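The first chain written gets the first letter, and so on, giving A, B, C, D, E and F; residue counts start at 1 in each chain.
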Amino acid sequence: MTAAKSASHMPYVGIASFLKAPVCADLDYLDADVGVIGIPFDEGTMNRPGTRFGPRALREQSSLYEQYLPGEGYYDIELRQTILRGVNIVDCGDVPIQPLALEANHNRMTQSIKTMLSRGALPISVGGDHSITYPVVQAFSDIGEIGIIQIDTHADVFTFYESDLTHGSPMINVARNCPNVTKFVQIGMRGLMLGEKDYSDSIARGNVIITSDEVRSIGVDWVLDQIPEMPYYLTFDIDSMDPSIAPGAGTPEPGGLLYHQARDLLRGVAKKGPIVGFDLVEVNPLYDPTGTTALLATRLVVDFLGAIFHER
Amino acid sequence: MTAAKSASHMPYVGIASFLKAPVCADLDYLDADVGVIGIPFDEGTMNRPGTRFGPRALREQSSLYEQYLPGEGYYDIELRQTILRGVNIVDCGDVPIQPLALEANHNRMTQSIKTMLSRGALPISVGGDHSITYPVVQAFSDIGEIGIIQIDTHADVFTFYESDLTHGSPMINVARNCPNVTKFVQIGMRGLMLGEKDYSDSIARGNVIITSDEVRSIGVDWVLDQIPEMPYYLTFDIDSMDPSIAPGAGTPEPGGLLYHQARDLLRGVAKKGPIVGFDLVEVNPLYDPTGTTALLATRLVVDFLGAIFHER
Amino acid sequence: MTAAKSASHMPYVGIASFLKAPVCADLDYLDADVGVIGIPFDEGTMNRPGTRFGPRALREQSSLYEQYLPGEGYYDIELRQTILRGVNIVDCGDVPIQPLALEANHNRMTQSIKTMLSRGALPISVGGDHSITYPVVQAFSDIGEIGIIQIDTHADVFTFYESDLTHGSPMINVARNCPNVTKFVQIGMRGLMLGEKDYSDSIARGNVIITSDEVRSIGVDWVLDQIPEMPYYLTFDIDSMDPSIAPGAGTPEPGGLLYHQARDLLRGVAKKGPIVGFDLVEVNPLYDPTGTTALLATRLVVDFLGAIFHER
Amino acid sequence: MTAAKSASHMPYVGIASFLKAPVCADLDYLDADVGVIGIPFDEGTMNRPGTRFGPRALREQSSLYEQYLPGEGYYDIELRQTILRGVNIVDCGDVPIQPLALEANHNRMTQSIKTMLSRGALPISVGGDHSITYPVVQAFSDIGEIGIIQIDTHADVFTFYESDLTHGSPMINVARNCPNVTKFVQIGMRGLMLGEKDYSDSIARGNVIITSDEVRSIGVDWVLDQIPEMPYYLTFDIDSMDPSIAPGAGTPEPGGLLYHQARDLLRGVAKKGPIVGFDLVEVNPLYDPTGTTALLATRLVVDFLGAIFHER
Amino acid sequence: MTAAKSASHMPYVGIASFLKAPVCADLDYLDADVGVIGIPFDEGTMNRPGTRFGPRALREQSSLYEQYLPGEGYYDIELRQTILRGVNIVDCGDVPIQPLALEANHNRMTQSIKTMLSRGALPISVGGDHSITYPVVQAFSDIGEIGIIQIDTHADVFTFYESDLTHGSPMINVARNCPNVTKFVQIGMRGLMLGEKDYSDSIARGNVIITSDEVRSIGVDWVLDQIPEMPYYLTFDIDSMDPSIAPGAGTPEPGGLLYHQARDLLRGVAKKGPIVGFDLVEVNPLYDPTGTTALLATRLVVDFLGAIFHER
Amino acid sequence: MTAAKSASHMPYVGIASFLKAPVCADLDYLDADVGVIGIPFDEGTMNRPGTRFGPRALREQSSLYEQYLPGEGYYDIELRQTILRGVNIVDCGDVPIQPLALEANHNRMTQSIKTMLSRGALPISVGGDHSITYPVVQAFSDIGEIGIIQIDTHADVFTFYESDLTHGSPMINVARNCPNVTKFVQIGMRGLMLGEKDYSDSIARGNVIITSDEVRSIGVDWVLDQIPEMPYYLTFDIDSMDPSIAPGAGTPEPGGLLYHQARDLLRGVAKKGPIVGFDLVEVNPLYDPTGTTALLATRLVVDFLGAIFHER
């Protein structure tokens, strides 16, 4: 346990770890229900760089949600329920990143998550850009068949560049190279960047694609009805949220989700099957002058963790 | 009447007083229907300081709503009604504040409001942080039984720190020490900071607690139905609003109220009984790069004043 | 075709033209379905200057929507439809502006649009402040009877200043001096700046005035029902949008339209009759630190163009 | 005397007038040694607009230099001297400005300064852009022969646009139309915008032109030696200062003056003859995120006033 | 040793501790040559709040100066010398702070420094505002006679408020209540806030007062000659630096020190006698949009530590 | 010639090309004395990303220095000389960049510069981060023996990472792999990042290393005396400049060069031999809120071009 916990509870006091949780210096000795690890990698970005600062931004903003005692949880006044009581969360620091060392970086990402899994912790990855999801999902290759639920603006199935490992490609890479991932559910799709053929091909393969308009006009309950029950990995791209509340995204797009929609989606997803891990990516503090994006991301992580452990 | 009114009507011209109203230099000679006073105090803040600049931010943004002639009012195109015609509004400057002089500062706050009341003006306090509400409400001790309507994210009933006069405490202080305040209505509650026991205790005492989710999903009309008729003081914490429209708040939280909800709440409240005074607190210009938070706060003050005088 | 197209498709690469479209150096040789021209004029502004940088801001943000091949169009995943296939869009640069040379500037605006019309292109004007709409609409004097649909917070019919050519006046100027404009539809009206008599006079003349509240509470379909079928020019003031998503506006006001409402309005309007041209004004990058306002404006232009050409 | 003085001395408390001095509501009754008037006009700007907010920015930052008692002056620790003791400074508000009403605006500027002169006050004009200097200097037509000392990056003698009243033209306008101005001293010249012929013509007319390089490499004492003794009006363009300390300028240029150079120049100029008035222009708060430019401008005004009254 | 060191050396990777040094969770077990402790207290501020975020800002910016191996030191190319080789630096976290609990906060500050001293570490305090220097210096009461060298714009000897513990008072409090502090050397004085009598009284007591002008025009060597040899505590207010390089200060003032002057002063001071401890205060990240102030502060801490250990 | 030139000369009007020069769409047809090409690549960055936006930032700020007629040059008032008269400058757009396609990107950089050289133009590269200098210098392999003058804070000779092609490595890569580069002159060195052995090895190889302190304290003339006469390629890292004037750098460091020092260095270097090309790198607009860094960079490019063509 670092100095942070033995000091004060004011958000601005102490070294900033995620939720001011204890910091784990060596993953081989991790002892926690939940491990949160930063992946400050943004070399896959096709537009605005800066998501490398995402993990630190979430640490800073999450100071607001410090728990007074480890595992005391939070009383959610809107749920009228206490969440995360007895759940032990640990900040696992960051995956080491070296510029222009793609393969080594990817290997470290995969290996870090594998170690967290081997220690029995639920692994939460904080990006960084969306390209990290591919090496992260590779860490789950030994846990049997899973689906992926992707809350995102973009389908991230581009493959036509000189590099196919950018933040526009993680989903097609997973689809091609992770045989234990057998289902894709994409929620919040919008914008002008998905190719028409990419769309029809995906539908033909049995995937579920739900647009942002459909979430708003038909409703979250209907969306949840489209999702079959099975174990899931969830990947949350913060650009799925409306730019009004999440300006600090790598590739913002008008017309996104509102907080209560995203929260209700996450709560519903937690009921669909065990969640084996999740990531939250694309928070870009260089475009987030008031910190609202990182605060929102933190809150969504807490909400989803609350729902996951409520279902356990 | 200051130079401001004799100059021009462009928002950027002239010294910035609230709505470019005349400035009262000495409260003992105040002659107005409404007195707006700034309380630039933020030492009670547990997170982001800067609300000391709130009064000036509202003055700056409120330049947009200058009236061409004193008391001509405003035509509200959405109401299709003219509001505040003949209502005389005066800017009473700021309560003097000295750092680290808590008791003296509190006394000046209470005394300033008392003087405004004695001059027959409706007192509007612009924060500053939410800790000011306690000394302000103390000024209403002689006017008989009142309720408090609090539009806020947080219940502000924390008492477990070395100081119990922070911006997390005003409501519990009022509850304990202001015997003429007999009813508490808290609207917009959300987030993870209220203790479960604080909640159940409050309900047990007969208070009304309505969450942000309930405002959105059940509706403003239902909320208003929960509020009994009696004279009210209203305190409005700008962090009740969604961070998308009010990033410049001391302690933002995702999932807040939208403008039309807040406006409709204020209009409805004005029908519940005479409003004896109100405050608008926690506007923090240091986190409001485009001024939208201060502009929103100004508009809500004007809307509520319009509703109050419409009911008179 | 400039270097931009022959380079790369990353948004941050290449000289920024609108949608990275080819640039037309001389309007007399314009050959395009759509011509987009900037009008960097903000001397008519009564509040925050800076809309002179609006055209460049849209060019910068629109890099995100570059097409890989001219005329390939965009697949809109929410519409599940490809838009703008085969439509040739050209960036016509900016109308030359000289400070304090109002008449010459206005003449250049009118003349530029006339030339674009004579070349058979649909002229899109990007402001600049709203005062440009009057000289722009004058360019349409020879095309027969048209109506104007104005999506805006303010009615822009002020006439009581020393100058009647500010951004508060374009609509009254058009009404008085453009005899071929016979119908005014104003959508999104809100705020406290319209005079009561201005409102009643306008209604008496048969104009349609719809408030922002009405769009939200009654719905877009009802709004569209109020609009008669005829040829239209549309003027879109970005301050019609909610400040949460469009902080970078010249005169923001709480309670505005959301993206999906504006988009649906534009799609519906395109069905009401041929659109002879449109402008999008009042984007102010000096109050848009994360670029969301300019991005939103760009997307609305693309959405409306898509709808217009879908109806052709 | 406004409420500001009767309140507190903390910079953030009270309505912001210049140095928190008393506000004069009607120039016809001005009773002061020094009158400071804002001229929030920036329509003459050829680059970045926003100097219309200059007067308010100086008022805000000047709160730091509030005097505890009127006329007590300031002890300047570096001079080891008390300045401005017994000097009565008054904030005269702003000259009313209407957009696109150039002649009326100019007349009001000239007339306001004339009135201040007739009341016996030293008139200080705070811009606004540099175009205001021409109408301001016209107010001094009746006081006999004067010289102008211009501290500036640019010579401001452009005349080749459709309008010759921009912020690039004030000096040539004064030279042509103010016969009582018989000497021009231009200090701090640099950059790439002056025409070679403009330079040689000016020298031929007997003017003194001193570059920024010369101030730095030869020194302030030498510069002062070039200035003949006579009554002077001084105009200070904040863009003369280095952009490192004055980023918030209308047209910044690398290689400008440092604070101590400007201060020493102003002190030396005050010894050259009576100063009949001065202006400080081109402070642009929209490019001054930390307020250093407005603070610097305020300090220079105080320094120069101190020197002027020390010589009286 | 935290996870930070076992991760990567890129500045943006890992949890941000000061210089990414190991974090000490309990001062009673501190084992280091140097302990750096944050004091996130800004309630003594008379102008711009926000220095509570100073410690985190230095941690963030200091990531740039991470050492690859503990104690390897830095090669200073300008000195052509390796500094801090073998010096063991530890981040001691923050002193716990509670709002409006002045006495308890002060006690914790004093006690924390005392504990660090008892553990044999050189204590470095990072503010927070300048009011912290008084409780910090009290921790040195048992080490015998010392002098204080204060590098600052302001003398900080104000005593005339309702509270005498603000950031305007630390020096007078030390002078009155810390009998082992027998010498005051104040360097960098400038501005308009020191009273004339405060100045003459201080000189009469034998203190050394050197202005910013004197540092620049006479030189650092002369300044150092004025400083007698004895053990010193040094307090460095970042507002002593010029606002061009240190905009993020609580109370900026034009005409401050440049980096090389401050660095040379610190190097010279280290030769005057043993340095028993020092603080660096008043870094305000809310006014430091590009981080230059916090980076400068970090570099000065490293420079001074290098000089101190070079003299040992 | 693009539309920009045929429009207006106001900086804010027209599409932003470098100096609003004509744009060359195909390098094979380049016909110019000087070609300026952007290289928006920042994947080699070890700290703050964002220099990918550098070329656009220089284009935007350089609008201020538009020439009225091609080749008319600029009158430099401080030089009292007209520079660049008759010199034909063309904006060559950007080198196409694909994320995570390092080799292809490098090849395009080298090839673009080779083509510009083959067309007889002086190639100017605008970064992007400093890693681009290695592929750019490779384009000069056929022009015979040259030296490199590097104006920079850092020596950029790091080689110990998983990748040796970051922005910390260009100089060691050139030294190892570009046999025609036989001399290295490094000016402005400072900071704590160069290894002691790297320094001594470099000196042993006969290179010239001059620190920032030496430029300031000994002077530019002495620096120039250390530079032998021969043909040179110059690389200018904007972080060599002081952060006060160049906050928008990838890796800022206190104590850098001032504008007049850099300008005088560039003028002096131009006399040392023919300049075969140069680059200006590391301008990061994401840390340059007021644009001063990009403006400074533009001015330095113009100054250096002026000096180069003056010597021809």
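Methods note: contacts are C-beta pairs under 8 Å (C-beta built on N, C-alpha and C of every residue); 3 or more make two chains touch, one makes a residue touch a chain.
Being a predicted model, the structure only gives us computed values, none of them experimental.
Shared contact partners of chain A and chain F, listed by label, are C, E.
Looking at chain B and chain D, the chains that touch each of them are C, E. The minimum number of touch steps linking chain C to chain E comes to 2. Remark: among chain pairs C-F and A-C, C-F carries the greater number of C-beta contacts.
Shared residue numbers account for over half of those found at the interface formed by chain C and chain D, and the copies are therefore classed as meeting with the same residues. The chain with its Cα centroid farthest from the Cα centroid of chain E is C. Overlaying the C-alpha trace of chain A on that of chain E calls for a turn of 180°, given as a multiple of 5. Distance between chain centres (mean CA atoms), chain A to chain B: 38 Å. Separating the centre of chain A from that of chain D, both taken as means of CA atoms, is a distance of 55 Å. Multi-chain contact residues of chain D, defined as those touching 2 or more other chains: 10, 12, 46, 52, 98-99, 242, 244-245, 289.
If touching chains are joined by edges, the resulting network of the protein chains shown has some other shape, matching none of path, cycle, star or complete graph. If you check each pair of chains against the touch rule, the ones that pass are A-B, A-C, A-E, A-F, B-C, B-D, B-E, C-D, C-F, D-E, D-F, E-F. Remark: chain D residues 1-4, 6-8, 10, 12-17, 23-26, 40, 52-53, 56, 59-60, 91-99 touch chain B in the complex.
Interface of chain A with chain F (complex): residues 42-46, 49-50, 52, 98-102, 104, 161-163, 165-166, 286. Here chain A touches chain B in the complex through residues 10-12, 64-65, 74-78, 80, 82, 242, 244-245, 259-260, 263, 289-292, 295-296, 299-300, 302, going by the rule given at the top.
Residues of chain B that touch chain A in their complex: 46-48, 155, 189-196, 199, 209, 211-213, 216, 242-245, 247-248, 251-255, 287-289.
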